[in-house]
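Structure first, then comments.
Which chain is which? They are A, B and C, in the order written, and residues in each are numbered from 1.
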């Protein structure tokens, strides 16, 4: 049984078709990076996988079951979602925020049990956020905040973790920190699908990459197979030179000078 | 933005409270007695200097032919004096006499409209304290004399009549009206002054339980009509405690046609237990203008109230 | 924290009981404590009985209930709209109620007709605001907020127009909107108490969901919260409670805005604790405000909106400064 199967997926916002036929199957836990130009449908794909949006045609199967047949609470037990823009204009402590991850398991009037508290602690320790438990989330740095949100998704005991550009606005230290953590999680039995802006980060940390263009996946596979001149030119309309990252031995992409265009290095 | 709206609402409430307080407190200075000037000359000489209710000395160059009245009470007096044909502008609130329906409206509940006023080319404006200081000042700067009248009791109504009479050259008629009023008031008061005083509560509006306290016309009329206003322990227009009303236990309740349903009043907690409701002595005045407007029709209001309080004296 | 919570709630509840007793014992007419006791024991003079049992008692209860209702709705609307400036009237309930009241006054429908009209039109207004803010199956809270403001402005204009064309009723309409509990009797208590209590409880049930929504609607749904259902329920119930409060007490400002904030500064943002605390605090606040409104200048009564603004505003500022000092001192 596949962990995640997406079958002839189409989605339209009103008249505008954004996903034009997405097909893929994932059988192993890994980190999958989705890259593509803005507007190619990356976020929409993520939200269709999570079931937040309902496909206009086609289906999504999580562990063999059609996502349309899940209740909202059930979905939350299988899929964790960390959005692009994190709201943090509230006064909850980090502990409270992570505890919200246990909502799918709590009945309406049920209070949190010891089991919930243990899980929260565990997730916060894995993400190295336990020391912030009593602090207000407003007081944390961007990277620390991100980790708290990941801890929350973990507290959901999700099988699939979806993340939408989690590191785009973070310092490089935190970018590496978060992506390493995420890689680690995939080794612990979680399928991570992450939308990334930076091709090289994707190349470095992802086991597989999907390149999206205009609502379709134009290439999927290991970074080495996928990050070719043609694919990148097709998806991003830019010429690049591909080198090998000496540390990870995965492709390292650099925009190239093309005679007529001068690229200034700032 | 919500906070601003809350502040704005607060300002409106304050403005309303203060304007209601201003309506009632007796702070208009008593005008200088101009009757002396009037008796010295047989016919008014123009240019005329009058002192209005704010103590301002206003010079009127010649007898006005185009009058704007910004207070319904003043409008009534002008017509009563026979100068109604000279009125060229009134407010939305004017409703008496019926002729004013056809007179152009130059002001409403947002205050006087300076443009509309000047469009009528008036040569005098009768205003009240509600007329807006800035608007009146700008009209004066245009050379139009503004006379402020604000009668708070019957004596001051007589003063208003005298001033308007002087200005419109109708002093003789004015004296007649004053005498009529005085005679009628004496007639009514004589009938009731030796009768035991009846305790009265006047209800302005059921919402908020508003009444007319000390210093209002209604208060004065109640006293002249052989009654005692139970709400004389508050000044002007005020929300009155229903508890206190129960304690005072009025014999008669008089209400305006716009106060609320009389049935509701009779069933109201507190009201239910008053002598007035128990003895079915809840009366509705026919018209609240005749008891709150500073015009000569105030005697009609007095008569109605007196009949409510002492019906036996008027058989 | 458990002990602290206990202290806060214990204190708040005691304060509520104290305020209620005070509200029944004090008033424009001085009635000695002994006489008050007599009344509750079945005796006392007829005047005292009327005042205590038919005037002060229902009034104390009603001001507490309305204070509670407005505060609970304010708390939930601030959470749902994720906007600290939200209050129970933000979606058009107050302007809708004023519109209905204006029509009722002009048509001379009497007191219960007025309450009924105000109630109906306020709900219709919120329904209208909700409908125009819907896109497909979802409704955006931001759009509702903006629509509520726009509709309120529009209705105010219509009301002004109606007042202009109906001079005679002008002052009555103004008096109604000013709000207050001058003529509360047991009928008001009878129909408003169950609606407000049940409504508040229904909303309370969704406290944890609203906690999650505070961290983002999309995120909340991904956490298993049925956000659209929660929004609908809170909006409907909140509007019912507010409409009821307005139909008995008129439009009383500041309570629904300030009490949740003050409560939040004391017990924190978790709605499961905040909502009951707001409820009690709101009851205390409004009952006390009503008491002041009727004894400060007795026997004259001050419009209650002035009291809530005059005391609510500065007290809130004081708490804000104190909490600012606390966080800066850290």
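Heads up, the rule we're going with is that contacts are C-beta pairs under 8 Å (C-beta built on N, C-alpha and C of every residue); 3 or more make two chains touch, one makes a residue touch a chain.
Computed from a predicted structure; not experimentally measured.
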Chain whose Cα centroid lies at the greatest distance from that of chain B: A
Innermost chain, taking as reference the mean of every protein Cα atom displayed: C
Among all chain pairs, the one with the most C-beta contacts: B-C
Length of the line joining the C-alpha centres of chain B and chain C, rounded to whole Å: 38
Distance from chain B to chain A - Cα centre to Cα centre, in angstrom: 76
CA centroid of chain A to CA centroid of chain C, Å: 44
Where chain C touches two or more other chains at once, by residue number: none
Parts of chain A lying in touch with chain C, wherever the complex brings them together: 50, 52, 72-77, 79-81, 83, 86-92, 96-97, 100-101, 103-104, 106, 108-109, 152, 156
Contacting residues of chain C [partner chain B, same complex]: 27-29, 46-47, 50-51, 54-56, 58, 85-87, 90, 108, 110-112, 149, 163-164, 167-172, 174-176, 178, 180, 182-186, 250, 253-254, 257, 294, 298-303, 305-306, 309
Chain C residues within the chain A interface of the complex: 82, 205, 208-209, 211-212, 214-216, 218-219, 221-226, 264, 268-270
Interface residues, chain B side, partner chain C - complex: 1-3, 6, 9-10, 13-14, 16-17, 92-93, 108-109, 204-210, 213, 231, 233-234, 238-244, 246-247, 249, 257-261, 263-264, 268-270, 272-273
